[in-house]
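Scrolling down, you'll hit the structures one after another.
Next, two complexes with chain A in common: one pairs it with chain B, the other with chain C.
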Partner chain A sequence: MAQTSSRGISRRGFLKLAGAAGAAAAVGGGVTGPRPAQAAGGIKPGFTSKYSVCDMCFNKCSLIARVQDGVIQKLDPNPKFLKSRGMLCAKGNAGVEQVYGADRLKYPLLRVGERGEGKFKRISWDQALDLMAANFKKIGEQYTRCGFMFMAGSDMQSTFVHRFAEAYGSYNTLSHESMCLIAGTRAFLDTFGEVPIPDMLYTKYVVMAGANRFESLVTPDSMDLMTAMKNGAKLVVLDPRYTKTAAKADEWFAIKPRTDMAFMLAIAHVLITENLYDKKFVAAKTYGIEQLTKHVKPYTPQWAAEQCDIPAEEIQRIARELAAAAPAAMVYPGRRSSNYTDSTQIRRSYAIVNALLGNWDRPGGLTAARVVGLGGGIPFEAPFYEDNPEDRIDAGKATLMFPEEGSFKLARDAVLEGKPYPVKGFFLYHTNPMQTAANRSKTVAMLNSMEFVVTMDIHMSDTAYMADLVLPSQTYLERQDPCSAQQGSSACACVVMRDPVVAPLYESKPVFWVMQQVAGRLGMGEYFDFTIEQFRDKQLAGLTGGMDALKRDGVYYNPSKLYGVYEGKIYKTKSHKIELFNSRYAEMGLEPMPVYTPPKPGGFARMRMVVGRNAVITQSSSQNNALLAKFQPTNHLWIHPERAQELDIKDGDWVWVKSKAGKQRIKAKVTYETRPDTVYMATGFGVLSPGLANIYGKGACIAQVLTDEFDSITGNMAMHETWVRVGKEAA
Partner chain B sequence: MLKRTIVVLLVLSFIGAGLSLALASGGKGNSRKGKYLYRKNCRVCHVQNGKAKELSPISKTQAQWKTTFAAQDKLPCAAEWAKLKEKDITDIYAYLWGHAKDSPSPAKCK
Partner chain C sequence: MAKQLGMVVDAGLCIDCKGCMAACKVANEVPGDNWRNWIKSGDADWQAKKRGRMVFQPGNCMQCDKPSCVSACPTGATYKSKADGVVVIDRGLCIGCGQCIKACPYGARFRNEKLKVADKCDFCSSRRAVGLEPACVSTCPTKARAFGDLNDPASPAGKLMAQNKDKATQVVNAHSNTDPNIYYLGDAGLKSWPVKAQMPGAFEFWKNLADPAVKVVVGLTGLGVLAMLGKQLMLKNDAPPPEEHGEEGHHE
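Take a look at the complex of A and B:
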């Protein structure tokens, strides 16, 4: 926000600055595509219906596009798609606007001014591809191939970016996951040997901490929880904010941030001391109950009450209720866990309570991944480059980092430091770390330190705005994609795929084609010597009737086993049992069981900032959608009335919010829907790019304020470690 | 913070003494090179509908990989193994063992 206003570049000015006439159009200066005509009296007879898969968030809901005269008029849910329970959410419905929005990138654009200045010129695809090839060659030769970094979002074609990176020879691939969920993944993997899928539909009791499932949708969990509650299940929500999930819950506790582990340890304490845990299950399938019994002894509900601001008797009662409903009861594992420096251990405490409830692999509990049977596509043998460095640039900086995901935070620090080796090229596809990574100033500095940055997206995201070369991507409704496997517990183990529902607009291309073209120019053509059809055939080779089902129903189901998957099998942990006590952690000098450390006090006027989603936007990829922007045109800083009064802030006042990472200017929303020690704002506003006309100049950027601590085990961004001061803007 | 320092110190001291978890059990090799060598030498046969059983790191536990490598001369493809350099075998082991099904980072795809 500060940056945009201080530079004083208006949208009109930006378009002038954009140089060549073609560039103005290319960044959204008025050329629009065809428009759906449905507003005037609905769809006329004679439309065609085509299956596709939503890409407005990671859930990949199957949909039916209604197309008339080559234009998408409407998107409907696919009633045969059980994972979403036949639903297409608000964002999914607004997908039409992704295709026809005026801000689509239309041609390849080359930066002509300073980085971040917004001056681009239109170039041809041939020029763009030649330039990419030349830079891959130059940077690879000068800095080794690991000197080029890759980052791809959760997309059905991201696999081709990873394939390219591997064939080219770079270990430095990143995804969005280290800014989202890897701490939770690590915790459950290191307890159960795999990441569970909650069986929400049949559960009777859910404790949900650090998740907001009725706004931040996960299919089928969000829908199934609603149905389970109609059938009598109880939902207890722990959240410092009064989210919509809290509003719908049977009980909401405004837990003090960073104390969830204390709550879980106290639950474990009650389950063990009152002999309420599933003894048969624990004896047969877990490892470490003796150590855990000793470990949780001091963690009484009375002790936890002081930490969490939840009364001891409530904690005790919840533990008893969980036990009474078990095994159809759970602590919801959640998804995003980019919260604290010990988020892996916090989520381990969730996993341990689940193990004590004996809910693993049983109805209403946590289920294992079902067999889908989708193959990996066309295999390849990437070359090995002897002159490459030993490992990733972020290797060894977190104890148990996932080598395929890495850590955006630690990689960014390493790039900035230039150690252990320089990284000077960056290719990004379908991801926007300028908005999603904490500490935007550092992201800017990293991009500025690069010699060549390429971004491929459908619009001029802030990351694209900082790039040297910007490539126009096809939207999901214009693309042919590989098949994708999905897990949905009782709903499904299934496969979906995408074919184009309309012809691609402008000069947009799929990333598969780009990778193929650049590979060809670099003499790596053999790694992309196939079509998407051939890739899919290979993926589907083991599934008889797979393609027929996909064509007929838009989805293929594998009726694989749901419960009792682990009968007679080992757990994929070190002890081959569910690990209450993690023996590998013990060997590595990590705490084998979660040890609670109380949060540091914030001090006067210092509040913790938390992040969270709502149901109409998915961070930065959907904010600029004109339909969704009507529901969420901007963001506000949520602040509790008590604190607001102390600071003389009234609802709607302009305030500044400041952390050690940065400062933003934003309007306050004075509300009881957050704790006095916690502030919140929605992600994805306060953009730098005037190419995002629907949201440019609106709201403030949370990424500018969030500090970039990290979970020490995985390198997951720890965004809730952000302490802020808030003050009223001088009139 | 103190705890993290201790962890770092512990890890460093293990490395110093040549006793780290990784070194003690397979980390001597270069797992990335091992992946390449595995694909080049082993996956020729160990693929879907191949001459031998389809294999990937997650086909076995770490202990099973250890046993397999310890008894390499008894395997049906022992003659193929004999053609590999010892360093290559160590690298392949580092890859398979390091991404085994009960490892901290099980291989994602085959």
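Take a look at the complex of A and C:
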């Protein structure tokens, strides 16, 4: 497939390739190749500047593309975009490579060999769309319409995949969220009635556990945290790894993994027993302080110290410091919480400490979502199909799953079992569970159990590599997308949108068009009987001057109320108050307040594997980017010097790392930057697909090693429950 | 005072995210494994009882007041612009001899893999020419780099210089103080990394004696001619057209 001769970071590298591809593409028609760039030396007068929105991670930062002769020369931050504080990170800058990278998918490909053999043949879009329509029909008739599963990534067009699934009649839609943040979402929702946006800019004290904001960048949190620190705020980081966030913190504690709840319960213990919590706030706005007082009694700092490897007096001091800085103080809610089997309860303990600090709806604390006013687009009514099963395939297996997100883990198990009903078709857009879902062998088995798998992406991801039909997607810089609402606490409540900054390359298409075309073939055309412009007009109908602002500034701001949003209002919980004690949990037989269970002991032959990002990788979605590969060409297994010495492993040695899910071979990085009982490796390497030529053959795949436990309340993947053995590879 | 473009860097704000490096590489089409800028960091002290905040130190060509690279250049291809104090490389005059690379205490220079000439940061001259900020400055998530005329208190960098007159520090090697125009606020982090400038022996004495006209002559004799031949052989057909010069000219 992709040419591998031209590998480098330049538009010139791409241009060499475009000649060859251009000839092939002419067959398909409508393909515009760019004109050659200048020989060297950067931007020249006469360029144009166009707004777009970054897609290298989920943050969606507004950007300005500098375009010369139809070729993107540079992506710059939009200085008017307050949510990102006018920045564009390394990944954002590397977005140029997403368009011009040599490994772009260029036309639809149909598998001709065995699954995973990598043999594909080029077919036309008409053939591809006909084939899809035929399979939607066949699988729907044979297994019911829920026999076709859908999974779409965090993308501004993913809404159209969900729309298609609903119109087609399948409840089985998945997202990446059940491998990311749904446990934390559940926890805060079940405490405050909504998911808070931290007001980092005005905070004075932050305890950050299970988050790495200076590497895993979140806007505006990462930037505003640094500004707050410049203004004197204190940052305390709890992390088994010495992340860059730990490196920039005032205090770093290498907490023992899976003991965060013990720390938080002890903080609550100190706040309550020393009468340091916000009594007025707690009396007026929360429910369950009596129960909580009793509940946290045994959770003393001395007890927690044993669990967490953090001295009791430090825990006590941090609790007092938090209280002194409150309400402009917080336990940072964090984002990815796909860690442990009780991650919802762990994050509940974070939420409860915040409630005791009385920081809700106040400057420097946790703020409610602001009014943005963006509409939902063009409404539709999903048809009812009588022969469909009762519910999702993963229903009932986690107590409080989000039905619109599902659980990848539980859905995969159900597909493999074929129960409660068979699922034999799978459509994936802009997502790559082969790299991001724990236990890759199971993902392979699931894909192999399917009759028809379609993947749409910009390159031959490992998931695409396992598919029957591979569709070339436009990159975000070639696309017209719906508007997207964003929340940034005191930074903004705003709207962004995308228009193409360059003409699409090759035969790449937007997923909206694909859904529209297939819907038409299935007699469902009415659900896609509109243009993106019309969809956006509907979205913006309530925002006077919205489109003008988007065209002028690349962003629309709603100057909506930020603090005191809940004054005189009830909370969206059962008690209508902030729930320290969750009455619904009690009724459902769940623990109404977080109950700590100590982690199983590790040891010489048992280390815990943890997951984490850095600022140049977004798990697998930025993988194979030639520029980012310069910063991180491969991954290593981080292992503490003490443990390495016991295992006779030296820095740079080849080692094997093995769990009950699988085994990988990788080079060791012997470092104090992780605890002796914890190993780490970056996500997105050890790929199967040779179509990812920048990283093929490099490093190891964490998804092959991670075990697929799950959070019992949400069905979120619990990746840090992975116990591994490590050994030196025989020379 | 004469215009002197420079940077005032608050290294304490840097989170080592590589945004500046990626932005620079794209903006200036810096090829392969070449980089015009960097972020330096020391190792954490794992024996220390209390660990302070780690400092990451962003940097690039220091556009020095006493640039050893300019002294080392046999052809006059490298010079300090009178108009804005930026140390510039005239790619047309550069013979790719590599003397300036060794002469720089900061490793700021490299031989451009594609163009086969010396290369380094010029504060994004092409971007400045069209009214854009240097790429590293505008892209930085925490705005650790302030840029502008150090002598103009109205510029972002000049303002910080005025406010921190005695506190801003330079990172230099004691044996080769080139008087850089990159200043650091607060703790600059790692300071020991600049090396002693390695000046070309044959030209060492010319450094203080020769006037610029003589230097050009030197460049066309002896070693210079050989090097120029070498460069021609290396270049083959992918030589870029000589850069056009603005009104600032290239002969001091």
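Heads up, the rule we're going with is that the second predicted complex is superposed on the first by the 691 of 731 C-alpha atoms of A that agree within 3 Å, B and C clash if a C-alpha of one lies under 4 Å from a C-alpha of the other, contacts with A are read in each partner's own complex, and residues count from 1 in each chain.
Keep in mind that, in the parts below, a residue touches a chain if its C-beta (ideal position, glycine included) is under 8 Å from a C-beta of that chain, and two chains touch if they have at least 3 such contacts.
Remember, predicted model here, so these are calculated numbers, not experimental data.
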Chain B versus chain C on the shared chain A, clash or fit?
-> fit
Using the superposition on chain A described above, determine whether A:Glu587 touches chain B (first), chain C (second), both, or neither.
-> first
Figure out whether A:Met547 sits in contact with chain B (first) or chain C (second), or with both, or with neither.
-> neither
Vertex chain A, Cα centroids of chain B and chain C as endpoints: angle rounded to a multiple of 10 degrees is 150
Count the residues of chain A touched by chain B and by chain C, then name the partner with the higher count.
-> C
Thinking of the overlay built on chain A, is A:Ile570 touched by chain B (first), by chain C (second), by both, or by neither?
-> first
If you stack the two complexes on chain A, which partner ends up touching A:Val496: first (chain B), second (chain C), both, or neither?
-> neither
Looking at the overlay, what does A:Trp252 touch: chain B (first), chain C (second), both, or neither?
-> second
Between chain B (first) and chain C (second), which does A:Ala382 come into contact with in this model arrangement: first, second, both, or neither?
-> first
Figure out whether A:Tyr171 sits in contact with chain B (first) or chain C (second), or with both, or with neither.
-> first
When the two complexes are superposed, chain B comes to within a least CA distance of chain C, in Å, of 32
Taking the two structures together, which residues of chain A meet both chain B and chain C?
-> none
Hey, which residues of chain A end up touching chain B in the complex?
-> 171, 189-190, 193, 375-376, 379, 381-384, 390-391, 399-400, 402-404, 541-542, 570, 572-574, 576, 584, 587-591, 712
Complex contact set, residues of chain B against chain A | 3-4, 6-7, 10-11, 21, 30, 32-33, 36-37, 39-40, 43, 47-48, 61, 101-102, 104-106, 108-110
Mind pulling up the chain A residues that touch chain C in the complex?
-> 8-12, 39-45, 47, 66, 73-77, 79, 84-94, 96, 214-215, 217, 222-223, 226-227, 230, 242, 244, 247-250, 252, 615-616, 627-628, 630-631, 672-673
Give every residue of chain C touching chain A within the complex, in rising order.
-> 10, 12-13, 15-19, 21-23, 25-29, 31-33, 44, 46, 51, 53-54, 56, 114-115, 124, 126-127, 129-130, 132, 135, 138-143, 240-241, 243
